[in-house]
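I've put the structures underneath this note.
Look for chain A in each of the two complexes below; its partner is chain B in the first and chain C in the second.
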Partner chain A sequence: MKLADTLSRLDARVISGSPEVEVRGCYISDLLSDVLAHARPGALWVTLQTHRNVVSVAAMKDVAGVLITCGRQPDPAVVAKAAEEEVVLLSTPLTTFEAAGKLWELL
Partner chain B sequence: MNPRTENLTPRRDAAGVSLAQALVYELRVRDAMTCRLRTASPRDSLRSIQLLMKEHRISGVPITRDSALLGLVSIEDIVHALDQGHINDPAEARMTRHPVVMRDHYSLVRAVAEFDRFDFGRFPVLDVGDRLVGIITRGDITGALMHHLERRAEEAVRKEAERTAAAVPDEPHRRFILNAEVRAGDFDSAGKLSQRLRQILRARGVEPSIRRRATIIAYEAETNMIIHSLGGRLTATVGADRVTIEAVDQGPGIEDLDLAMREGWSTAGPLARKLGFGAGMGLPNIRRSTDQLDIKSDLANGTRLHAEVLLQPARAP
Partner chain C sequence: MHEELSLHILDLGMNSLAAGATSISIRVSEDRARDRFALLVRDNGRGMGRAAFVRALSGRGSTKTGRRRAVGLGLAFLRQAAEACEGRFRAASLPGHGTVVAARMRLSHVDRPPLGDLAATVRALALAAPGARLRVACRAAEETFAFDSQTDLNLPSPA
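Take a look at the complex of A and B:
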């Protein structure tokens, strides 16, 4: 499934990058080392972290994208870094729990 | 073949000091002043000096003898002379003696301060031997700043282009050394070296899983120095058959290394935790990702981590 196809169910908005990428699975964590240890390449990473380290970790793990929950917005410098590192950032007003529920059905 | 070395230490001026601010400290009066001087001798009439000013569109003429500065005739002096009817007097009769001068080694910050203090339009510039070497106006300062800003911008663009070109190394076995100074608490700079390492390994066609292992080690080692140490140095060397990562910090060292290597053990503080660190999984991640790992830590010398990742998967025995 394409990441783009999950957007409407998640009520998500694209903040950076193109969602026309294949998404395989999902990993949910707000702990960076945990994501580095356990997320699979190509997965959608769901978190409420918005710091620029999120972009570094996402790039290193080659995840399909990062879904930021609870309507949080990364600041412009983080968005610029995501664009530079070709990391897809999405934002949703849903809580992590709600997003997880929808993703469980979708993926 | 010489290795290629890149230093990825974050620039300090990124932390608030603008380039223009940095330049006013770096540049000297001699970098901004006008050196092609129009001078006159003490016997020249104010009239001839007025013509000199008109011809060269200048507002002040130093009066010299053998490049020693005797005085200054400014446009204000000329206006005054015309008004009072002594425009045909020799310069020495009416010039400003002992004008305030600047030295060619002054920084532009100091120069600007002098302009503010004295409210003159121009200053003669002397070198250490008291020789007149130039003249400076506020306009010269602005001009020099603009010129240097432009040059720096061009330089940055050129460097960026070189860097992009280098991202596809034409010599696949050339050694590549990346190093970066890591500062305690500098969360915003984390990941620069890993990012560059990722580019290089990608360009060399290194298998993604191996590339990930190498970048994760660099990143975890770097964030550990940012969070837990007083600062240190991170180096990644890409050789023909392996990536070597070294992280050397200045202390305070790890009290119980066995405990620290355990998954879930963390002494990270509240700020680090807020940013998503502190799972206590960094060192275990490093261990999982390396082909060879050596960590030495003591409370006197700090922590030294040496990790290697082989670029070819190990052959079955």
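Take a look at the complex of A and C:
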């Protein structure tokens, strides 16, 4: 499934990058070292963190994208870094639990 | 960021060893009266020039190239942890002399990670580089101790 095909169900909007990428699975964690250890390439990473380190970890793990929950918005500097690193950032007003529920049905 | 502050310290200590340090000093302190947690790691490794240092602070520190880098986030993670806990992060490096990294946080901050297993971190560092001198001073609620690998370790000398 393409990341773009999940957007409407997740009520998500694209903050950076193109969602025309294949998404294989999902990983949910707010602890960055845990994501480094366990996220798989191609997964959608769901978190409420918006720190610039999120972009570094996402690029390193080659995830399909990062879904930021609870309506949080990263700083413009973080968005610029994501564009530079070609990391897809999405934002949704849903809570992490709600987003997980939708993703469980989709993926 | 990491789950325990001891893992941040392990990360920094391994950076020091990777930089060829023969002496590493670690200080950890909890000050309840001032509601402050502080940690400092100082080494005599090869240090970093300005460009490498700025890269390390921004989480692009690895000297490996390409999109998939295995390392290079240690300083960026610690800075994030400090800033998330009403603290601050300081680091300085001088090529040929070494690097010092210091972070402090509000001790009672709800997001401050626990100190964790500092003894395991010290053990791992001591075993990773038996030739390097490792000094640790810890003043925390859970434990207070001082360690110096030169006097407190009896490792068999290499054959």
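By our rule, the second predicted complex is superposed on the first by the 107 of 107 C-alpha atoms of A that agree within 3 Å, B and C clash if a C-alpha of one lies under 4 Å from a C-alpha of the other, contacts with A are read in each partner's own complex, and residues count from 1 in each chain.
FYI, contacts are C-beta pairs under 8 Å (C-beta built on N, C-alpha and C of every residue); 3 or more make two chains touch, one makes a residue touch a chain.
Remember, predicted model here, so these are calculated numbers, not experimental data.
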Exercise. Taking the superposition as given, does A:Asp62 touch the first partner, chain B, the second, chain C, both, or neither?
Worked result: both
For this session: Compare chain B and chain C by how many residues of chain A each one touches, and report the one with more.
Result: B
For this session: Figure out whether A:Ser8 sits in contact with chain B (first) or chain C (second), or with both, or with neither.
Result: neither
For this session: Considering only touches as defined above, state whether A:Asn53 meets chain B (first), chain C (second), both or neither.
Result: both
Problem set entry | First (chain B), second (chain C), both or neither touched by A:Ser33 | both
For this session: Would you tell me the residues on chain A in contact with chain B in one complex that are also in contact with chain C in the other?
Result: 31-34, 36, 51-53, 56-57, 59-60, 62
For this session: Would you pull the chain A residues touching chain C in the complex into a rising list?
Result: 31-34, 36, 51-53, 56-57, 59-60, 62
Problem set entry | In the complex with chain A, residue positions of chain C that touch it | 1-3, 7, 58-60, 67-69, 73, 76-77, 80, 84
Exercise. In the complex of these two chains, what residues of chain A are touching chain B?
Worked result: 30-34, 36-37, 41, 47, 49, 51-57, 59-62, 85
For this session: Show which residues of chain B lie in contact with chain A when the two form their complex.
Result: 187-188, 190-191, 194-195, 198, 208, 212, 215-216, 219-220, 223, 275-282, 284-285, 288
